[in-house]
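Handing you a structure now.
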Amino acid sequence: MLPIVSITLFLPLLGAAVLVALPGVSARIAHAIGVSFSGLALLGAFWMWARGAGEGFSQIEEVEWIPSLGAAYRVGVDGISLPLVLMTAILFFVSMVFSAGVRERARSYVALFLLLETASIGVFVALDAILFYVFFEVTLVGMYFIIAGWGYEDRQRAALTFFIYTLLGSLPLLLAILALYLGSDPNTFDMRELIASPPLTGLAATLALIAMLVTFFVKIPVIPVHTWLPAAHVEAPTAGSVILAGVLLKLGTYGLVRFALQMTPDAFRALAPIVAGVAVVSALYGAFVALAQTDLKRMVAYTSVNHMGYLVLGVAVAAAAADPNAGVLALDGAVLQMVAHGFVTGALFLLVGMLQDRAHTREMGDFSGLLRIVPALGWAFVLAAFASLGLPGLAHFPAEFQIFLGALGVYPAAVIAVLGIAVTAGLYLRAIQAVFLGEARDEWTGLKDLGTRELLSLVPLLALTVLLGVAPFLVLDVVHATTQGILP
Amino acid sequence: MTCLAILGPLAAAAAILILRRGAAALALLGAGVGLVAALATLARVASGERYSAVLPGLPELPLRLVAEPLTAVLAVAVAIASALILTYAAGYMRGERGGPRFFAGMSFFVAAMQALVFAGDWVLLLASWELIGLSSYLLIGFWYRRPGVGSAATRAFLYTRTADLGLYVAVFVLIWQAGTSEISRTLETGGTAAVVAGLLLLVAAAGKSAQAPLYGWLQDAMVGPTPVSALLHSATLVAAGAILLIRAFPLLPEEALLVAGLLGGITAVITGVIAVAQGDLKRLLAASTSSQYGLMLLAVGAGSPVAALFHLVAHAAMKSSLFLGAGVFQSARGSTAFGDLAGVGRGHRLTFAGFTVAGLALAGLPPLSGFFSKDAVLAAAFESERAWLLVPPALLATALTGVYVARALRLLWRGEGGGAPVSGAWWMGGGLTPFVVLAASLGLAGEPLARLLGAEIPQDLLSAILGLAAALLGLSFGWTLSGGRMPGPLLTSAERGFRIGSGFYGLVARPALALAAALDLLDRGLHGKITTAVGRGAPSAAHLVDLSDRGLHRAVFGVGRASLEVARATRVSDESGIDGAIRALVRGTRRLGGQARELQTGLIHRELLIAVAAGALVLAALAVGAIGAGGGL
Amino acid sequence: MITLLVALIIGALLFGIGLYGALSQTNLVMIMMGVELMLGGAMVNLVAFWRFLHPEVYAGQVFVLVVMTVMALEMAVGFGVGTARFRARGSVEMEEARELKG
Amino acid sequence: MLLQALFAGFFGMAAVWFGVVVFRTSSMVRSALALLFSMTAVGAMFLAMEAEFLGVLQIMMMATEMAIMAIFMVMYMMDPGGLGQMDMSHQKRAAQAAGVLGALVAIGVALLTSWGPAANAAPGAAEQTRLLGIELMERSMLIFETAGVTILTAMIAATAAAIERRRR
Amino acid sequence: MNGMEMDMTRDLALLAPEIAVLLTAVGALILEMARLPRVALPFTVIGLLVATALTFPLLGTETMVFMGTFRIDSLSVWAKLALLPATALCTVLAYPEIKDTDREGTVYALFSFAAIGALALAGAGDLMFVVLGVLLSSLGSFALVAYPRDDRATEAAMKYFVFGSVTGAIMVFGLTYWFGATGSTLLSGLGSLEGALLAAAFGLVAVLVGLGYKAAVAPFHFWAPDAYDGAPVAVAAYLSIVPKVGAIFALVQVVRHLPDGTGWPLAVAALAVLSMTYGNLAALVQENVVRLLAYSSIAQSGYFLLGVAAFGRSDLAVPALVVFAAAYAAMNLGAFAVVALAGRHLRDFDGLGRSAPLAGAAMVIFLISLVGVPPLAGFVGKFLLFGAAIGAGFAWLAVAGILNSVLSLGVYLRIVVPMYRAPKEAPVSARSVAAVWGIALFATFAIGVAAQALLVWVL
């Protein structure tokens, strides 16, 4: 049996090592290496997908690490992590393709992205709490340098805010992991063990849960600890934003499911009303703040807060549900929402980046009537925007439908979050109207439509968005098999 | 086979987008396939067959298609309307740019509508419900470069989507109550859940069917191409609302029916008045649509979904004819304002004849279809337990229909004839003529329809007589009424479409404003004022309405602006509040650091003293601990 | 027993005086004298503990020897450092050693 | 027994008194002499407490040590006879407080602790020295060796610090 | 007498590493006297490495020598394994600064002598070893600090001396009470302090003062910033590592036998919080990188104390201390080595990341390892320390530690951020300095990744 998980995990790192080992390669070759290694990782992810996941963890690969401490190199997937791994590989591949235009210090850029890819996939496949934490932190370092090195005007500050915020946020997780470790008998960092028999009870579990919530809420982000997000997004380079929104936010939500939900289920059940409340507020708040933005990138960034709010609501519902049907439903929706948000928001950030590359502005008010001048870009934006506002047939709808449906079964009051759907519709339509409809101004008549490289990076995401919307069962069948087993 | 009704148009849309040529032909082909499939389905269903298909969807919530009499009839109606309108559009769109986009959109629209019709579960229904919203957005915004088009499309989508939240929540409630998403099984729900779900469905239907107070978007939507309007009004977007209520009828409890009836009645009258006052043919037709759907809701409220269905089908034919005719006039004169259309009927006599037949059918003259369908609605109202509530608005709406139809006919006939030759007239005629024939003859379909559905179409002599009388009265009044003869304030208000509460904000703002106005009056402390206000009678009341309307307008804008302000404020708090707190924290920490550093004076004796003092402190603490512990000293 | 307590009190007093000196004197040499006194106090304690409590434990005596070593060696190195300081600065006043701080 | 206490007390008081004198005179040389007397008194106390070997050693060591100290004092202060009358102290109050507190705490601990029964007799001087020798050669050998290394280090360190630096 | 001989042979064999260090120191002195200073450095390095190598056979040994006065256990063995290579690297680091001065060999000898002091502390089984260890490592350090013999160095040395001798005297005085109360100078006899809690507390405070001074634990740390600042960078690096680890391990050896009734865990915990917080706060406003690292090392002492406080209640405590000691030695030494390369002032770091990319990257790694970012050495060490603290019931202590990690991030970023500003001319790099940070970098990674192997050995 080929250790395909580990191969997929470390292929990008190998690519980064190759880049580091080859000083003075040209930008073109660096990008070629980046694309090919992330492409290989993508193939690996497809292979993993083809092998599939059952109810529990499968495709386990394990090497002893610190037997005396119960820590080991353990990787594997289940129905929750497998789609995320595939999504991560796709997003990184697409980002590498799109980034092929970067000329400035291309070698380090590609190397950092590849490092980031390994770390991101690592978080999703890690089955050892320490390993998880290590990958979790390494993503932070990679992203920090990407923002600080290739971002826009105020990148230093944004990168630092991001770094401090999330590092500050991730330390409590370490505490929680320690608590879980010390609570388990025999002491182990094996996440399968910790999940199979949650080690903590009572106050200890609640405290550990709170620590985890702090960490994951910062990462997700949920109000009021989301303020790093817009700054980081606005200043990050386009591909950085894609990864940040598409993958890094999912580390938080994935952790929320994997750790908070699965390792402290009873405490989570007790706190679920609060979490659900915060999630609803977050969703609505994100939507309203997004509505007030005039900068396209900030707007998209804030809609992430909105979508993540739904997602957290789904997890909270899953934690609280007395009726397993409702819980499974909401959890299915939450996992699907992770994948959907990756593709859709990735596409949106790519589009905004493409627009900025051409016009050097992101202000809605500076544009008008671009649909005629750059129709491909325009229609792609319309499609992605409608996906983001939750239109049926596109990726977000099934996810949000399941979340809301589950929520209504458990917290009828939470259904107020549905209002967010109307608000996001409003803000996207406003943006489309301002930027793409109407008569074009003269200054934009010279803009070029999408080039091959841009299409190559964009079309897969849009196609997946449609595919996921039309046939959500492709992913949900995998997810469902696992979630059914998670919730009693 | 049934699936082809959906897949045909859908495949056409896809093919058009891929091939980007032969758009009209492909669209027609798709519509034709869809029509054949729908007819075949109807035939099978008529022979007593019932069947359904289960498609993979969400876990535990599979998608279902069902073929039963109601869906088959609706599907045929949609298929016929769409086929004919597409035929017409082949002519109408000749010479327009963006044909592929148009025909792809239309085909997709039809496919989504057929999916909605055949939907056997709430998820598919909700999905297609939203997709027809998307299609209408794209089609209304077809001429997106023209000023105002973008905002009209946005408005249409936003209004309907906001109302759709009702459907979302209703669906959630129903699924939880029934434990399944299968529509037929959820309809057995009862109790509070049914009331809640029913009212929420009503909200969604009111949004799509442009019922009060959510009708404002429909008239704006007239900026789209005429075939779009025709499709929208006859068989797809607007019809969806009524179809939803017809299909969900078994669920609706008394309370919901009452509200539906009331809502329908009020809408029918208000939008009827609006139609009378319009200065634009297409806007008149739009208002009329709201009014007619109001009648359908009224019929549902009266307990007769069959009557509503009958009127829906008939209305599809009538309204399509009218729109298509209006499209021909528009092509001739380049405008739809009555001022520009004066006498256009003389130039296009055939079209005008068709228009007239359809118009009179709408007004309810026998033996045209509208007479029978409207009679069914009226009879249902009469038979209803709430007749006293439902009959007056129904009659009034009937009369108003007569008024605006007659007025429109007169305005189109009177004046100089002529106009530019219309290109693609053959195609347009080809689409229009069958509609007119249908509009004239569909009255015959009532009986078979009822038989198919296993229900009875309400018939009542009294209602027929009263209805006919009202229609004739209206027609004669309308023919004599010219633009300026309506009471002034009423006219202007109506022309503006009674914007009172036409926004959904109005739902909130209106009662608040009424209360404010009342308090204002009291505040002035003059009973006399109230009495004079009463005494001045109707004109002043109309004036008052107008005044309050202006205030309301401002209030609506105020609420909008306020919500934007709130949004802006959250943004400010976002940027300064939390980040600011963090920054303050950092500053405070640094200050602490400075203080810590000051301990390090560089004077070793002071530092030693601190160390010794600290040692003493630790000792004191330990000693207290030791003594407290009571151990041996 | 009385002698033990007397000796311990003497040791404590020597320690206190030495501590006072170490903290109050500005001159390196005087501070060193204070340290000597503190260590002297320690020796008195050690001898008293050895004699009156654990006369069989000769480690106590060794401890006294160690303390004597400490005294002598600190003195020696202290003078070494003092000499270096004196060469560099011309004084071994602690008050003049305030360049490094913060 | 009482006699022993009296002797120890007497020499102890002498040690304390000379200790006080160390910081009372304004001459460093006098301070050094006072310290010498104080340390000698401590040595005498050892003798009174029947630790003959330690007592003699203490007196001898202190004599040499103080001689060295006096030399350095002359070198640093150029103050052979206490001519300068300058105040050489700072933070006196705090230091006094610390000193008094330190002494009081130590006395308090000494008085409050129950030390257990006192041993009445100690071995004779010769026996003591022999036993100390055995202790040094057995159990405390490593300690003793470490002390030796420390002495070596101190010699090197002191020279390294004191000798003037030259470029090679 | 024959049995005694045998015993002595065994004991001396177990002390082979210490003897090797002693011989190295003496050899370096002799080479100096023989006017062969150039040979002194390689000789010292090789000698220290030989001593390290001699330690490996002792791994896993748990015993005492010389009738319980000295312990051979995981602490003392790992102290050798971590501190002897660190000392060797310090001598290499010192080389560019002191070559061509007189008495080069003396410096290496003093490094080695003081290291013996630290080792004596780490294995102390007797009160006198605590006293002598502090003295031995201090005496050498005083001379090392004073070595440049300029105004600043002598001021630093004088303050260091005063602080050390006074706190040392306090410690000795306090320890006499322990002898009185237990009738033994062995640390293993401290268990009988149960009945004399006041005397126990008095002695404990004295030990905390004395060892706290040696380990630069706030508030007994005051000498440290000044001494580091006035001394050569290599000496500062040495002071921040070798005596500190020795003193911390000595504290463990002391509290190992102390009855809980004395309240030592709480006292140590309180000092830990104070030290962490004070060190990080004061470091936050430093402009001088050496002082900044001095304060940071005060903070790191606080982390060490976490492990001490957890001792006896968590099985993780000893592994945590050992791993953190090794990690701390590697990363701190590396950071000081880069300081030796770049300069002592914060502005010397402007653009370092661009002008000397490798050294700059190494500095970033060292600093984020000090913060505790995985998978670097500092992370593993802190992680284990927090685990030990939580396991011992000091969750609040771990929380304080984590909050302080955040604070320390601010401290270290003050160095990192200017490093990636506009580049300036590259600093002149000595090969020996590069070797030091290179090895430290390797160790920082290796300990992070292979901490596991380390732990297997420790446990």
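Per-chain numbering from 1; labels A, B, C, D and E assigned in written order.
The criterion applied here is as follows: contacts are C-beta pairs under 8 Å (C-beta built on N, C-alpha and C of every residue); 3 or more make two chains touch, one makes a residue touch a chain.
Being a predicted model, the structure only gives us computed values, none of them experimental.
Asker: Hey, how far apart are chain A and chain C in touch steps, shortest way?
Answerer: 2
Asker: Which chain wins if you rank chains by how close their C-alpha centre is to the centre of all protein C-alpha atoms?
Answerer: Smallest centre-to-centre distance to the global C-alpha mean: chain A.
Asker: Need the most distant chain from chain E, centre defined as the mean of C-alpha atoms.
Answerer: Taking each chain's C-alpha mean as its centre, the farthest from chain E is B.
Asker: Which chains are joined by the largest number of contacting C-beta pairs?
Answerer: Looking at every pair of chains, the most contacts join C-D.
Asker: From the C-alpha centres, identify the chain that is farthest from chain D.
Answerer: B
Asker: Cα centroid separation between chain D and chain E, in whole Å?
Answerer: 31
Asker: So how far apart, in whole Å, are chain A and chain B when each is placed at the average of its C-alpha atoms?
Answerer: From the centre of chain A to the centre of chain B is 36 Å.
Asker: Calculate how many whole Å lie between the centre of chain A and the centre of chain D, each centre taken as the average of the chain's C-alpha atoms.
Answerer: 72
Asker: Distance between chain C and chain E based on Cα centroids, please, to the nearest Å.
Answerer: Spacing between the chain centres: roughly 26 Å.
Asker: What positions in chain A touch 2 or more of the other chains?
Answerer: Residues of chain A never touch two or more of the other chains.
Asker: So which stretches of chain E touch two or more other chains?
Answerer: 126, 128, 132, 135, 139, 142-143, 146, 149, 157-159, 162, 166, 170, 173, 177, 180, 195-196, 198, 202, 225-226, 286, 410
Asker: Could you check chain C for residues that touch two or more other chains and list them?
Answerer: 11, 15, 18-19, 22-24, 26, 28, 32, 34, 41, 48, 53-54, 59, 62, 66, 69, 73, 77, 80-82, 84, 87, 92, 94-95, 97, 99-102
Asker: What are all the chain pairs that meet the touch criterion?
Answerer: Here the touching chain pairs work out to A-B, A-E, B-C, B-D, B-E, C-D, C-E, D-E.
Asker: State the interface residues of chain D toward chain E in the complex, per the touch definition above.
Answerer: These residues of chain D touch chain E: 105-106, 108-110, 112-115, 138-143, 146-147, 149-150, 152-154, 156-158, 160-161, 163-168.
Asker: Which residues of chain B touch chain A once you look at their complex with the stated criterion?
Answerer: Its residues touching chain A are 56-60, 123, 126-128, 130-131, 134, 137, 141, 144-145, 147, 149-151, 153-154, 157-158, 161-162, 165, 168-169, 171-173, 175-176, 563-564, 566-568, 570-571, 574-575, 578-579, 582.
Asker: Touching residues of chain D toward chain B in the complex: what are they?
Answerer: 90-91, 94-95, 98, 101-102, 105, 112-114
Asker: Name, in rising order, each residue of chain A that touches chain E in their complex.
Answerer: Result: residues 65-69, 71, 130, 133-134, 137-138, 140-141, 148, 156, 160, 164, 167-168, 171-172, 174-175, 178-179, 181-182, 207 of chain A touch chain E.
Asker: Provide the residue numbers of chain C that touch chain E in the complex, in ascending order.
Answerer: It is residues 11, 15, 18-19, 22-23, 28, 31-32, 34-35, 38-39, 41-42, 45-46, 48-49, 53-54, 57, 59-60, 62-63, 66-67, 69-70, 73-74, 77-78, 80-82, 84-85, 87-89, 92, 94, 97, 99-102 of chain C that touch chain E.
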